[in-house]
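The next part holds the structures, each set out as structure tokens.
You will see two complexes here that share subunit A, one where it goes with subunit B and one where it goes with subunit C.
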Partner chain A sequence: MKRFTKDHEWVELDGDIATVGITDHAQEALGDITFVELPDVGRTLAPGDAFAVVESVKAASDVYAPLAGEVTEINGALDDKPELVNEAAEGAGWFIKLKVADAAAVEALMEQAAYDDFLKTIE
Partner chain B sequence: MSDPADCATGAELRRTPLYERHKAAGARLVPFAGYEMPLQYAGIIAEHTATRESAGLFDVSHMGQIRLTETRPGAAAAWLERLTPSDIAGLADGGARYTVLTNAAGGVVDDLIITRLGDHFRLVVNGARRAAVRAHFEANADPDVAVDYLDRALIALQGPAAEAVLAPHVAADIAAMDFMTAVLTEAFGVDAMVSRCGYTGEDGFEVSLPEDAAGAAWDALVGDGRVSPVGLGARDTLRLEAGLCLYGQDLSEEISPVEAGIGWVVPKRRRTEGGFIGDARIMQEFAEGPARKRVGLTAAGRVPARAGAELQVDGATTGIVTSGGVGPTVGGPIAFGLVDPAHATIGQEIAAVVRGKPVVVTVAKLPFLPSRTKRKGSS
Partner chain C sequence: MSDTFTGNKALEIHEPLIFETGHVATTGVDVEEPAAFESRLGGHARKTPIDLPGLTEPETMRHYVRLSRQNYAIDLGLYPLGSCTMKHNPRLNEKMARLPGFADIHPLQPLSTVPGALELMQELSHWLCAMTGMTAVALSPKAGAHGELAGMMAIRAAIAAKGETRHVVLVPESAHGTNPATAAALGYKVESIKAREDGTVSVEAVKEKLSADVAAIMLTNPNTCGLFEPEVKAIADAVHEAGAYFYGDGANFNAIVGKAKPGDLGVDAMHINLHKTFSTPHGGGGPGSGPVVLSERLAPFAPVPFLRADGTLVERADEAGEGEMPFGRLTAFHGQMGMYVRALAYMMSHGADGLKEASEDAVLAANYLKAQLADVMSVSFPDRPAMHEVLFDESFLKGSGITTLDFAKAMIDEGYHPMTMYFPLVVHGAMLIEPTESESLPSLDLFIATLRDLARSAREGDTARFTEAPRLAPRRRLDETKSARKPVLTYEPPAPYQEAAE
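Let's look at the complex of A and B:
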């Protein structure tokens, strides 16, 4: 089950490995994405660390770590096809996999319904 | 994720006569020049490509339209030759000219289009500079020149299909018009001013018409299968590829037209005679060369250098990026930089500092794409 941040990242936990990406709302707001700068595998992230940059035609935006952990894998497909983020932000357009330090920390993030309510407050 | 800088502000925003149509079309609206304007409809790349390949329709009603009339023959042209460094006296009836309003320091108050229409002139100025232009005109007022600020809509149709799409809606024969000419005619059943001009590098037209007639004109054009509505996002990528300056980025109160690489707006007579506001600096820059020059920059990779990025050669600052992004038709990052003239030669490699890291950019010829506007003698 996915969890969400107020900065529009999503996390899906499988054991202690979290897949992280940006939400469909985020890709929609960014518009055409032309490049995603991903971190090196092995980098250790603290919550809130800027770990990736999304370049759209319009602007460059930082992406923040929703949880603490170590980067174990990056989505190499984004190198050739950054538009995957526009097409499937919450699926094939994932950014990184993270070996999380504290799996329970995910409980502090929003569930889908709470995130949907949050989106209504910012529109 | 950090929010892209398009969040709404608390300020009261104005709306163009086409606001409801943008909203109904599902456009993302953002504050721009004091107006709530469409940033994009289908998406920036799709809109950009549609303009290059067929026709893009733009609501540019936020731009300021001004009419100048004179009580003494020649007064308006003389006044405009004091305010701009261009040849206005020699502008033919129906001729339109791109130029700048200069300030005392040789910087730019605004860039604009001046059109002579019989006994009067029409000016189109940037929306964000309406108030600054008005203050500048009032500070330099001439009793023989009356300045009227018009409330009219302005729509632009740009791209290779523009002429064929627009022609049936205009009484005048627009196919016979050259680029940078204008006519007063009937369009969409009302009195309009139709100019063959634009700011995309494509052939195209701008139609100025009464506000209450704008909706029907927009509907007629957007209902044509060859036409896509285009927002501010693609307007920016189109003008960037075409090598055209954006006021507030590539032009400012501090940047001179010579530095900005639009010295061509100053013809030989004016370079010799001067007689315009800010002529001391501008004439000196023509004689001795400017302190910095606008150049085109391309990058081999995919990381664009955006406005504000520092430019370095051998670790020392040479200038700054004034506009930058990804050119959808060029297919890669492009930018304008204001650099030391020693580093302004085509092929010069420069490091742009992006998020603390150097990105290699190369000085390239402007425009990035060949212009496809319809010049005299072309068919």
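Let's look at the complex of A and C:
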């Protein structure tokens, strides 16, 4: 089950490995994405650390770590096909996999319904 | 009348790429084959043909003149590019800059032969400090961002001189994009400060982020929402209290010349874009110039070369006297002399009252646009007076299928350069409009009527006017996404040419 942040990242936990990306709302707001800069595998992240940069025709934005952990894998496909983020932000357009330090910390993030409500408040 | 045989439309001449006009196998100049010689390039000599097209002199000249006719310029029309201050470049400036005593001197001439140039730099320095309420100025930075770099390096030097190390620079999200880039380039960790609902920065939000690890805040005032920061003095006090410095981005100084002095607001360093506030040409029309003014606290760290208050020139760090600790040198010589002449000509021809009036007129023009468009476009921050620029967002286009980008492209068909768009990021689909004081009332009225007509089309569902625009420009809309994802940066000749070359 996915959880969401107010900065429009999503995270899906499988054991202690979290897959992280940006939400469908985020890709919609950014417009056509032209480049994604991903971190090196092995980098340790604290919650809120800017770990990636996503560039679109409109803007360049930082992407923040929703949880603490170590980067174990990055989505290399985004190098050649950044459009994957537009096509499937919450699927094939994932950014990184993170070995999380504290899996329970995910509970503090929003569930889908809460995130949907949050989106209504910022419209 | 339909298409012509040539593809030209009278004075609108279709212009192919220079590679299509010329040919790599020909040359426009005759240079004799050199006699036998021994290369001293150590194996670095080019081994493949250079593949540049050969053109005659008239062909070359026509190519660039024709391209220049497809360009938009301040000399052609209203140029509402927000935050860029595309104001008129007075011809008097040009006349002064071409005086042989300024135009024909060389930076390696003996100092004794250029007292006039030094006096001009001294005079310009004096007025820049007077207008900003600051102690010292480094004239040499060659652009706004270069001035930012100089100011931040002075801050870093001042912190080091105190025996401290600080790693964080605070940047509100309504700051210019170069601010976080400058801080990051110097190795600082950038922390963003969110804007309030009303588009300004609160002193509480700054205090929350302040710590002994914060080196500086970089604040743009008036900010990129076109608003004067009401708590700027309290922010400065809090920053100083924490032992940090206040970098003020001076790109929007043109709104407050003669009205408020950054030094009085607590600013420690600020660059001044001579090509914005002081009417020298922007890049392309001439080099930029970004002198940085420094407060008493930072003045000792000014880079060389600098002029002392008594007019003596300090050219090298080892010539520095007591209390002078220059952090180094940024440029080979003294910076953009031609821009100093133009900026001082602008100052002297306007006088103190004229400079103040220019600021007031710039603010008046922006507020006039705001008042005349508020009922048909969405003003992002309607409750606060705008400064020299006014920010709209795309909420008035909601449900029309038209975006800020489409709206901007439709402006091209109407003969206007688009406004700054999608910046600042504080609002959705930003349209940042800065008319400057250069526009007459009829010119502003025609611009307003045009935007009102576009807004009406959008309301009435004439989406084609937007989504298909520009329809009348030399080129139709380019595929911005594809050009960013798969840029083609080299010319590939068509097949027959390739064969001929091989």
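As a convention for this text, the second predicted complex is superposed on the first by the 123 of 123 C-alpha atoms of A that agree within 3 Å, B and C clash if a C-alpha of one lies under 4 Å from a C-alpha of the other, contacts with A are read in each partner's own complex, and residues count from 1 in each chain.
Rule of thumb we're sticking to: contacts are C-beta pairs under 8 Å (C-beta built on N, C-alpha and C of every residue); 3 or more make two chains touch, one makes a residue touch a chain.
In this text, all values refer to a predicted model and were calculated from it rather than measured experimentally.
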Subunit B and subunit C placed together on subunit A: clash or fit? clash
Winner on subunit A touched-residue count between subunit B and subunit C: chain B
* To do: Mind working out whether A:F35 is in touch with subunit B, subunit C, both or neither, as first, second, both or neither?
  => both
| For A:K58, is the partner it touches subunit B (first), subunit C (second), both, or none of the two (neither)? | both
Looking at A:A26, would you say it contacts subunit B, subunit C, both, or neither? Reply first, second, both or neither.
first
Of the partners subunit B and subunit C, which touch A:H8 in the superposed model: first, second, both, neither? first
After superposition on chain A, the stretch of subunit B among 73-81, 109-117 or 343-351 that runs into subunit C is 109-117
On subunit A, the footprints of subunit B and subunit C overlap at residues 29, 32, 34-35, 55, 57-59, 61
In the complex, the residues of subunit C that touch subunit A are 405, 422-423, 425, 428, 480-481, 484-485
Within the complex, subunit C is touched by subunit A residues 29, 32, 34-35, 55, 57-59, 61, 82-83
Subunit B contacts subunit A in the complex at 1-6, 39-40, 43-45, 233, 237, 302-304, 306, 325-326, 328, 355
Subunit A residues touching subunit B in their complex are 7-9, 22, 26, 29-32, 34-35, 37, 53-64
